[in-house]
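Alright, structures below, take your time with them.
Look at the two complexes coming up: chain A is in both, with chain B in one and chain C in the other.
Showing the complex of A and B:
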């Protein structure tokens, strides 16, 4: 038995937001692969809640282009849906790779991209790619709709800028942030399935002739929240892709990182991954070998 | 708090009163006595409780019973043929010796069923990935992979 008090199945965004506003004990549940586990563990903040189910809200489903050619991902799109979606595969395949590395088939069939982000974990596999794409989080609440860049959405470990009575509706990837870019995500973990990343690295690179026109490097587990290696990104502009330059970029990435020791890996090992993974990811994105 | 749900389980339409605190696994085992579905870890890591919901493999331990409303659910009991004989996947698990204690087997068969439905001719890597949400703590996975591969080959030969 899950330790919950009530359950309300919302069928529209408005229904969900109204319920959240009226009932202070309410809490959103999407696929449940985080919430139900925490509920059963009786984790503080997850006990005796009135859960609001959002998986049957059709407005939150699907992946599409908006009128400006930006990609809109419904917050309840499951990892399986994102992984196999043609719009994602065509434009931002690194996100497909990222969500495809999560858990196993059963988790990917139920877990949602919105939940992955709203959970606030630095290790969330989708998050670093969304950071590299400067994703925008679309939110609806009692005060109406608002949009917030993903960098500002993450406040700390497990903390995001989403009020209890607000609902994340979509994740937007603007056309300018994927058009002309190639990307790749590398999850470094001990097992290839059912494991949490020791370190995750997602890059987006746009070439200008044989020089780097723009480079975005994002990490999971290189700090308390996903981060961007902004110093390295700045330095990389205009560089040619050579082994020496890639080494310089990898080294520079450490300036934005604050890796730590955990039972999964030591700080030193993580720092080595922070240096190494963007180099590999850039090479793979540009069609080079491993 | 009780809720009434309507769902199809192993081909039969059902109307059920479920407690909102129940997992689908609780409902299947305790209410419907479909005890072929097992509880292993209880947190969605081992896959022993896998069932098919609208054709997708899902862990029933982290799925609320109320979510089953309007869904079509197939458990290991529904994968076995109507006359009680084994499905081809189950047969191959037996033939290849892909079973030791058997606790994980229903979940593996469910995941393998979904995998072969989606990918009738999977590569070895695809089989491994398709079964990666299921753990077996007795033995290696080689014979389980062999059983699934043989099933795909046999089905291909029939065509």
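Showing the complex of A and C:
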């Protein structure tokens, strides 16, 4: 059962922001696949709230290119929309793979990419791919618009750099971060559907002849927030794709990770996945297959 | 004997209503006025409630009443869905109260709110303040049995029972052995995850008795336990079971019904509904016993078992429920499967502070079969004796008497199951391919396991079934049974039996969605895979009786015009015929009209049978599994899996296949993924929800192959043996054996998760 105090349906960003500013008890709700679960579980901060619905704000819909050729994803684009979108499939198909791995069809039809990111969970399937693409989060609040790199947006488990009267409006992927890159996302979970990642790994790789020109490796659940394996990325530049080199890259990834023991999985097991998954993702992205 | 309806995949009578949503389940049935109940659960794992403050909770708008242990009878009652025992030595342990001050597990039921909405009840529960006195708590049997452990139930020493069973001379048997093998293993706590959560509502009826409408597998037993829980005559209660969304044994136990009735009693008989959440069902209804085994067996050099010593310790959780009978069953199952001349089976059942373990599909058999069949795998690998040969050599045979159950089995087709399995599964082809393609990160393996089971609970408990048949005015037949349809299709199968035996089309039989203890004949319910076998005997007896009455009546009404005798009459396709030439005497409809309306001689034809069953027949079967293991991540892909069953004659092949597939999927989860976990610091369940408890989805289950070896059992009413529980008994060990075959390293305890595989690989554990 859901103890909810009120519901306000915003039709513009301004309406939403104004309401959020005025009402201290307000809480944004998009698809509801996170908020309503927390309300049902009576989690502190989610009970008896005035919910602000944002799904009908047209400014937050859709996926498009901006004038510079960057990709703009509206924060209320659903997982299904992102998964099937032509722009996404053509340029950043790993994001399509990532959001296509979330929950089941019903959840993907209501859950939004903005909610996935704003929820602040390290396990969010879209987040590691967005980290690998150095995504920029567009925010609007009473003080106007601002932009923040996704790395700075994540502050800690469940914590993001979004004030309670601000709205995350878009996710921007800059052209320089996808043009010429190939990417892949691997979700390791116990089940093939309806599951949360034990570890998620997303990579973007750009080749320079037969050598790695640039490599970005991002993880979910390898730390309290999604992370980048910057040490491995640095080392990988200029390397050829050989089994030995991939092993080295995988091993190096552990330097940035801070996997821990939990009842869901041991640290040692997560570390094995941290080593193994980027190698596979790189091979698949480059068409080496699995 | 030739059958017209038995053995056919007729459509179950409730299929259309179910798929179109017209079938009413407990939660669908409207009441004029309905109140909602919510349980207040303890937030410690072991201790006592020192004080409770409900004042803030009472202020929540919509709250009608709050019950504490002071408001319910001070009567301890048993909850197991067993037949009542007249022998005081075998009565179920009575260790439950409707609400308790003694907290025995995290979430124990210490108070209950009644409100005009579920939300109001929930808010009120969150405002109840409780003070506790805390004790040490125990999540494992080792901890609960340690010196000086606090007793979870006073005077129990935390042991429900400790028994030894067996046959022959163990020492002599080991002396005769050429070699001895030993092994240990452990199985996890798992949960039924039946689709429909526990739900019940109760009210005072127009005749001032208490009605409880509940999603239960055991309406008649439920009525008895309500009587016991309130210390009132059992007839003061009426239990009604509507359509049920599955049970798997979780509803062969009394969980929420007494509280639902107590809540209605507290509000003057208004209807009060208790509708558990999935999280509550996981953690606070019933679970499967986690059992650990120590096995030692002696063999001759040819692989014949000379002796076996099994020591089983069962975690029963916080309340006795079905108690010791679950682990104890393993002894008789072992000797139903393997011929063991010298055998000792020690079993202990222990209280801990985890969820109460009760009945779950297989009733201790998936556990003992896991232990035995992984053990046989080890013996085969250590000795080099072929795993099929090793098993076949030691299987029991037709007409063997089970030394523990003292029952003789009359059909046993495990060797045929292996033979059929090898052919359907293409075992030899697969074996050859795997042996020729070794190496790499992805490795394949094959595994097998065999099992034995029982049909019903005789001779452990009494077995009784009831059936009432009424010939309607048009010749259709109303069938009433006490056996419980819980989704498995028993009503369809009983209808087939009646149609086949009387000699009418299947469509002429009218079944019941509802089992009502005021109306339905007495039958103890859906459990022990008993209904097609035990209740089927009652159905057959009633059908034969009705058929006899029909023929007598037809003879009576037609004797002036016909010369035929009763012995020369039969019923075929709804017509009464002369046997010698097949000529139709009259339609059953015409005869029925006469029985109802003949001014001088009419009387309605009915048969009302109660039948005691004093037999058992063991069903058998095997699983063959092929897996691929990813050595770098530990991920297991089940490539193919086959169950072959010897359940005697199959009454309805499509329903039978469905039942086998469901059991196989459950077995797959049992072997590879499922485990209910607890926080070592607080005793709180960690994953009592469908996200964190890794029950497989349809995407995780490969195509399931099913085959039957159909040899009539002479004891079963239609040559049939049981099939409900058997499918779940052997997949887990077959899958684990396949993983071992693929990796060549030792992983033992289920579920065999990716993490366990990676750990075993990194330690390079030898078999």
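Quick note on the criterion: the second predicted complex is superposed on the first by the 289 of 290 C-alpha atoms of A that agree within 3 Å, B and C clash if a C-alpha of one lies under 4 Å from a C-alpha of the other, contacts with A are read in each partner's own complex, and residues count from 1 in each chain.
The definition used in the following text is that a residue touches a chain if its C-beta (ideal position, glycine included) is under 8 Å from a C-beta of that chain, and two chains touch if they have at least 3 such contacts.
These numbers come from a predicted model, not from an experiment.
State whether A:192 touches chain B only (first), chain C only (second), both chains, or neither.
A:192: touches chain B and chain C.
Quick check on the superposed pair: does A:276 touch chain B, chain C, both, or neither? Answer first, second, both or neither.
second
Does chain B (first) or chain C (second) touch A:268, or do both, or does neither?
The second partner, chain C, only.
Look at A:202 in the shared chain and tell me whether it touches chain B only, chain C only, both, or neither; answer first, second, both or neither.
Neither partner.
Please work out whether A:2 is in contact with chain B alone, chain C alone, both, or neither, and reply first, second, both or neither.
Both chain B and chain C are touched by A:2.
Considering only the touch criterion stated at the top, classify A:97 as touching first (chain B), second (chain C), both, or neither.
Neither chain B nor chain C is touched by A:97.
A:129 contacts which: chain B (first), chain C (second), both, neither?
In the superposition, A:129 touches no partner, neither chain B nor chain C.
Common interface residues of chain A with chain B and chain C?
1-3, 104, 192-194
Report the residues of chain A in contact with chain B in the complex, numbered from low to high.
It is residues 1-4, 6-7, 9, 29, 32-33, 36-37, 40, 53, 55, 80, 103-107, 109-110, 192-194 of chain A that touch chain B.
Considering the complex alone, what residue numbers of chain B touch chain A?
Checking each residue of chain B against chain A gives 1, 3, 19-23, 26, 42-45, 47, 50, 56-59, 62-64, 66-67, 111, 114-115, 129-130, 132-135.
Using the touch definition up top, name the residues of chain A that touch chain C in the complex.
Against chain C, chain A makes touches at 1-3, 42, 104, 188, 190-196, 263-266, 268-269, 272-273, 276-277.
Help me check something: in the complex, which residues belonging to chain C touch chain A?
117-119, 122-123, 126, 632-635, 673, 677, 679, 686-687, 690-692, 694, 696-697, 699-700, 753-755, 758-759, 762
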